[in-house]
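Here the structure comes first, spelled out in structure tokens, and everything after it is commentary.
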Amino acid sequence: MSKLIDYVEVQKHTTKDSCWVILYGNVWDVTNFLPSHPGGAQIILKLAGKDATEEYDPIHPPGTLEENLPESARLGPIDPKSLPRPVKPVQDVGPSADIEAEVEMPLKAMLNLDEIEAAATKKLSRKGWAYYYSAADDLMSKQLNNTVYRQILLRPRVFVNCQDCDLRTTFLGYQLDLPIFVSPAAMARLAHPDGEWGIAQACKKFGAMQMISNNASMTPEQIVKDAGPDQVFGWQLYVQTERKKSEDMLARINKLNAIKFICLTLDAPVPGKREHDERGKFIVEDTSQAIKDAGGAELKGGGGIGQSLFFGTDPTLTWTETLPWLKKHTNKPIILKGLQCHEDAYIAAQHAPQVKGIILSNHGGRAADTAPPSVHTLLEIRKYCPEVFSKIDVVVDGGIKRGTDVVKALALGAKAVGIGRAALFGLGAGGIEGVERVFEILRDETATAARLLGVARLADLGPVHINTRAVERDIYDGPANLPSLEGAMKGLWMRSKL
Amino acid sequence: MSKLIDYVEVQKHTTKDSCWVILYGNVWDVTNFLPSHPGGAQIILKLAGKDATEEYDPIHPPGTLEENLPESARLGPIDPKSLPRPVKPVQDVGPSADIEAEVEMPLKAMLNLDEIEAAATKKLSRKGWAYYYSAADDLMSKQLNNTVYRQILLRPRVFVNCQDCDLRTTFLGYQLDLPIFVSPAAMARLAHPDGEWGIAQACKKFGAMQMISNNASMTPEQIVKDAGPDQVFGWQLYVQTERKKSEDMLARINKLNAIKFICLTLDAPVPGKREHDERGKFIVEDTSQAIKDAGGAELKGGGGIGQSLFFGTDPTLTWTETLPWLKKHTNKPIILKGLQCHEDAYIAAQHAPQVKGIILSNHGGRAADTAPPSVHTLLEIRKYCPEVFSKIDVVVDGGIKRGTDVVKALALGAKAVGIGRAALFGLGAGGIEGVERVFEILRDETATAARLLGVARLADLGPVHINTRAVERDIYDGPANLPSLEGAMKGLWMRSKL
Amino acid sequence: MSKLIDYVEVQKHTTKDSCWVILYGNVWDVTNFLPSHPGGAQIILKLAGKDATEEYDPIHPPGTLEENLPESARLGPIDPKSLPRPVKPVQDVGPSADIEAEVEMPLKAMLNLDEIEAAATKKLSRKGWAYYYSAADDLMSKQLNNTVYRQILLRPRVFVNCQDCDLRTTFLGYQLDLPIFVSPAAMARLAHPDGEWGIAQACKKFGAMQMISNNASMTPEQIVKDAGPDQVFGWQLYVQTERKKSEDMLARINKLNAIKFICLTLDAPVPGKREHDERGKFIVEDTSQAIKDAGGAELKGGGGIGQSLFFGTDPTLTWTETLPWLKKHTNKPIILKGLQCHEDAYIAAQHAPQVKGIILSNHGGRAADTAPPSVHTLLEIRKYCPEVFSKIDVVVDGGIKRGTDVVKALALGAKAVGIGRAALFGLGAGGIEGVERVFEILRDETATAARLLGVARLADLGPVHINTRAVERDIYDGPANLPSLEGAMKGLWMRSKL
Amino acid sequence: MSKLIDYVEVQKHTTKDSCWVILYGNVWDVTNFLPSHPGGAQIILKLAGKDATEEYDPIHPPGTLEENLPESARLGPIDPKSLPRPVKPVQDVGPSADIEAEVEMPLKAMLNLDEIEAAATKKLSRKGWAYYYSAADDLMSKQLNNTVYRQILLRPRVFVNCQDCDLRTTFLGYQLDLPIFVSPAAMARLAHPDGEWGIAQACKKFGAMQMISNNASMTPEQIVKDAGPDQVFGWQLYVQTERKKSEDMLARINKLNAIKFICLTLDAPVPGKREHDERGKFIVEDTSQAIKDAGGAELKGGGGIGQSLFFGTDPTLTWTETLPWLKKHTNKPIILKGLQCHEDAYIAAQHAPQVKGIILSNHGGRAADTAPPSVHTLLEIRKYCPEVFSKIDVVVDGGIKRGTDVVKALALGAKAVGIGRAALFGLGAGGIEGVERVFEILRDETATAARLLGVARLADLGPVHINTRAVERDIYDGPANLPSLEGAMKGLWMRSKL
């Protein structure tokens, strides 16, 4: 029988260079085993120098030790008399309590986008939170965006090699490492001083595309100044009533090589009614008579940040006048943002190659309430004019919360999906690292979803991988109650109206 | 380097005639800029004479100042020693707390009709609230009215000039500035002493039509006495069993030029069971023996206000007898209120031109519980007998809460939509100004919804602007389980039954 | 100017023989007006001898007084100095608070069946409540019963004379004043000592049919002893394994003329699992060793009241053996209770005239959980074998809570609807008068629903009066996924399987 | 008149050998009646020696005593003066309060699987609970599993002899007493030291099949060591990247006769994201710098137990390579676990007889979130390739909570249904006896459901016994929006893609 080992000796070996643990009365040297432990080295190191039997036993079948460690690693029996008296642990049964709001969680511990938003909500100024959170009227479209993907079911295939998953996609011919981009979202410095430049840094790290808002809180030059060589930016244009202002801005953008295309936003020709944002104004309002008397350009409605930003935006844009004007003032490809029905997608495709791509979007539910989620528009296009997908690049935004959402949009024909609030909340939760955590979560979830579907490259995703029946029965099926028109005829009729 | 400016001096310039602010260490004279500030002059005046940097910085990209103000507006650097010590602000992060019930909100701060109702609920007498709020049985129809519009999705079109939106409509040949009218709703003085006359004043300001309840708490003469020259009123008739009473009343109405038509109400031949209203009786009931003994005309059921009003109403009306009688006693056009199925709409259209219009209505959910919302009836008409729309004017009421609801009803063929409780709650919340606020909210929301749809005139709205599929699958499709009848045949069969 | 009247004098006139009130400063003698006041005499008598202006004013337009009262009724002005000082009333605005549980409400103040159940729940013994309330497993079928009628919409017709509504129906040739009967429900004395006899008294008053449970807590002779001459009873039979017991009972029933038919119950050949009922046992269980040792006939499951009642019931009944046996032992017509699919309804109709009627029932959701509500079975019969309605009388039970539910069942072909728990809860809430209140509520609601539909006789109700589309899409449509079978063929296929 | 009996004497007879009770003033000797009392002997014994009138009266009609007991059992009248004064009982009305969490309920008192889970939740370690409870992402698939069976309605048939129900089924030719088996679920010793061996003991008692997890917390030899002669085990294989490890394990399994087949798991080639499990790690994490520095094999994501178990699993399996390899290394039949679409079921059937059966499973909702519940896959197979059922044995798992769920799955073609968490929670709630209670509940509920359907043998269940319409409209119907393909053609198209 080997000599008893004293507990004092065991307690000296608690590092990755020398790690001992006690198991079933024996002292084991597990230093060499650390790098290959399935649960990671940390789990063992936490128990280093201690009796690990209670933690080890219920999850390892007998024989595991012998299978994984050489007999030489068994240093000998512990001297039971040297062991400390066991301390009765505090109760640790049942569901864990909700994590206390007091403690600030590290970014790594935030497991999903809802937790990122919750963390940011605690840090943002009231005004900033209201501006980001708000959406039109009763938030019906925002809610639809957030729930429509959950109505779509996956159809996993088995016995498919899915060791790795290639997450790359292309947009306007540019290669992107991730099919996730940042939609144009205004006022990033309300979240964090790093602002839109900070978002750009996170995009660089993940090979993700970023569209810069016309109402960014930093200049385009500042935002792209540290861009990587392959980094892809778009610049969002709200055409101003004073066209000269827009033309000057386009001239400035023409000089920035990092910006690869112009994204003309069409889904908000006039501001929606965002009551959370507008309400902010009343809460902080100073109602002293002096100010009441002052007059000035009164805004309709409450006039939160959202309304201010619309000042000067031109609501008279048309296919026939605005596109040629824009073409004249930019040397970059043009995409259109905010299409919400197949008819407009069809018309956009007719304008190829002047128009190179479209973003199906309802402006994050911030423009018209009860506007359709972009999944509806994707399904409409598939039904009435699927040739659109072959003529122009189609991407979507709105409601992306999970990797499963990403693969569903791609399975329906989108080249990529945009996130808006998620990037801003990431910024609010932790600056650049917060945005990186958002990308990391979505990237990992997307890869897992694709691999569980049996898809080795995102490009292989197709409608056969999803069951959209619950959504299909809600999409537009022609004007209400025209009983003599068949589904197919309705589609033709739609087109003849273009 | 310019001379340092003392903070005492800055504090003197806080009016629209001279307004200075400190930004990034410099004092700026922004007086001339006030009228053109996108966010309105007030926002700047609140910060006049102070350091505005903290508020300004996160929402303006660098260069904004230089772009918008001449160099001459920069008066020079502030003397930092003259500045007061910064006071740590109270915590102002995260979602705003719910506004405290204690403080009475100004009407301008109420952003939607739900907030108007909430404000009125706090002010109305218990009896008045119960009468207005109540609906039949389990409030199923009231709830359906309130939710059915949300099942309909909009189909916004892009690249359409929507600088303005023409909100006008017509009814019986009269031009109305707004497609929103006040449905006949009884007992307005329960809400406010201004009563129905007050509602008329608000209608005048907005060019909206008003239908006067047979059970108004003021006389028709009082209500219309301050009518504008183009103001349009209708007068609602509940035919009395003692016809003479009704005939006398019609004769009185014939003399009022402001009243342009008679609205014969058909959806409540007998009172529905409105438990909130009836319950009021038991709560305040004096059960002393003297009264119990008294007897008198006992009312069935609880007998709230609603039941009292029905006393004397004739439930024996018919197409063949009542219409000719009415025609004989009025010199004004006739419309019918309360149609709830396409068969009756079809019959009404057959009676044109005696019948000039119909109101699809389930009496605000106050008559038969589980009666269909008027959107169902609109869709039924579109499906089985769309020619109705070309023969008579069709309007609807019930459940209108948002401008999006208005455009949806109009897109399905309604000429206008009525509000009932909303007008009364507006009156309760703030008298005439409360009703005006209701019109203002709905007008602005309607214009925004139409412009976001790409519609420059409400008259251009059509079924192609909405997706009604979720509602269509619930509308009447012929009698249950007659499998051999096709949809179209069911429609024919329905008509042959008329 | 008339002489001022002193308040002391006014206060003397507060009865139906002399009733004065003060309105707008004048004293009026309203004695003669009391019987014709729309709101009932009581409302005026409550204000007799007082100043009623504040109550009167907001709900009566000017001129109402003059229109309804002769000038002679105006006795003269009140002496203002004689009036008491006004007392500031307690706050009485906004929604009424929930009625306090402390005060026992009078039966008249209970406006619907839910309030009756709530009142009974407070009075019943825990065991009695558990037995009545319980249903199978997760209460899914009970909940479906309670909600399925709300999915059906009414289709009110206008311009129909609906002064009165004839509520009569027939069953097996017997005329019933109400289309509402009491389903066989056991153990009424758990609710109230009046028991099943008490229910019979209420039925007599309303001309309603009653089916007596095989497990009644009183003998059949006791229950029918005070029956009216036209009162209709059925007697429910659970066939016992010891047939002799059932035969003796049938012989006893044969002698009771008030009992017009035998109702053979088929929907519970074995007891369902009613956990609320079974749980009662564990709560009160005495677990002393003596009893544990005792043994005896151990019951499977918890063994609440429901299970005990099933002891001795024969689960081996069949069409070919049981019906002829029963025919031999009774001289009364036979109906079958508990049919839940169109196939069995079809077979039952094939057995006419031995079988004269059927009750579609899922045993109040107490047998198989997720069994279909009887509305499903009605719709199945309409779809696959509507001729059943012409061969036998079809009635339903389960989930009837409102008069609108009654008219919907009748519109689909049922001759009458049964209530089970509602009668027992009525008994619990107030003995005989509680059951009467249940009938009164349902009768009035049914008449109102029918009149609002434009139906003058319940017998005129048909499927054109309702929109069942939301339910139709859930009913059985043939075995799952046999794509080559058309709907009609599925129906034929079903029948060939009988 | 008989002599009065003293209460003291009555109190002596309180056992099954001599049991007296007082009823309506008389003392009865009910000893001989005890075994035949419908409610069981215990209920009487609880009242032995006491006055039972209050309990007896409301649930027994008059005459019951005389009918069931001979006159000789009536011993005579009680001496009223000898009776104790009645004690006013504590209030015992209305719904029972929720059972207090303090008292530990006996297993017999747990009436359903939810109560078993609740009991186990209170006893399990936090880590164990999190591992069992967790599922992928937002638990959508887990929730779908738990609710989809409730959307299916039963179609009970009447007048069918259902005295008994034969619950036996077969799998791969083996006879099983119950159609309920234990799915492969890891780490049973986290719940209870009896672990997987304990589950095996419960299975033996009920004749149920058990599949042993590749990640069991005991060795296969330990688990099967006390197997009964007819007991059926399967062994689950996760193929390891180091194939040698799997081959050694298969060789070991080949020697165990109790293990009848190999279950190759395919539904989790990579781990899903189980946040409840992963979160556990952060809560207990020691973040001391020493450990942070340690490095080691870092796990992506949180790295709960679930992720650790996947270490070494091979995600590269394919039909063409893995099946032949497996065939070479085992002498037992092979079944495949985790198929989630009809295409894969069809391919599996093409591989018969190498593949003898399949388990439709989404891994308890723990792999891909929004993966379809196995009921969807059953319905897909019925629709597109029903011949699968005749070529291989099909079983399902996921979401089984009630006997009605069991009969529904069997009616759609499954040979048996698996339980995973339910067995583990049973183990946690009471060790072997807890698992037995789970089987007992499900067995009794299954028999009751089948008998109420009129099914004497589970083998007679077919799609005609259920109404799946609510689920059918959600299942996959071909790729989204290919309008020119008819349903049938979609099916063909699907197959041609295999």
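Letters A, B, C and D mark the chains as written, and numbering starts fresh at 1 in each.
Keep in mind that, in the parts below, a residue touches a chain if its C-beta (ideal position, glycine included) is under 8 Å from a C-beta of that chain, and two chains touch if they have at least 3 such contacts.
By chain, UniProt protein names: A, B, C, D = L-lactate dehydrogenase (cytochrome).
Please read these numbers as outputs of a predicted model, since none were measured by experiment.
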Problem set entry | Shortest contact path, chain B to chain D, counted in steps | 2
Problem set entry | Other chains in touch with both chain A and chain B | none
For this session: Since chain C and chain D are copies that touch, just let me know if over half of their interface numbering is common to both, same, or not, different.
Result: different
Seminar exercise, completed: Cα centroid separation, chain A vs chain C, in Å, comes to 54
Exercise. How many angstrom lie between the CA centroids of chain A and chain D, rounded to a whole number?
Worked result: 38
For this session: Can you tell me which residues of chain D touch two or more of the remaining chains?
Result: 473
Exercise. Got a list of which chains touch which?
Worked result: A-B, A-D, B-C, C-D
Exercise. In their shared complex, at which residues does chain C touch chain D?
Worked result: 121-126, 128-130, 133, 137-138, 140, 187, 189-190, 216-219, 222, 266-273, 275, 278-280, 282-283, 286, 290-291, 293-303, 305, 308-309, 311-312, 315-319, 322, 336, 338-341, 343-344, 347, 362, 367-372, 376, 473-477, 479-484, 494, 497
For this session: Report the residues of chain B in contact with chain A in the complex, numbered from low to high.
Result: 14-16, 34-42, 45-46, 57-63, 92-96, 99, 105, 109, 111-112, 150, 152-163, 379, 382-383, 386, 402, 404, 412, 444-445, 448-449, 451-453, 462-464, 466-470, 472-473, 487-488, 491
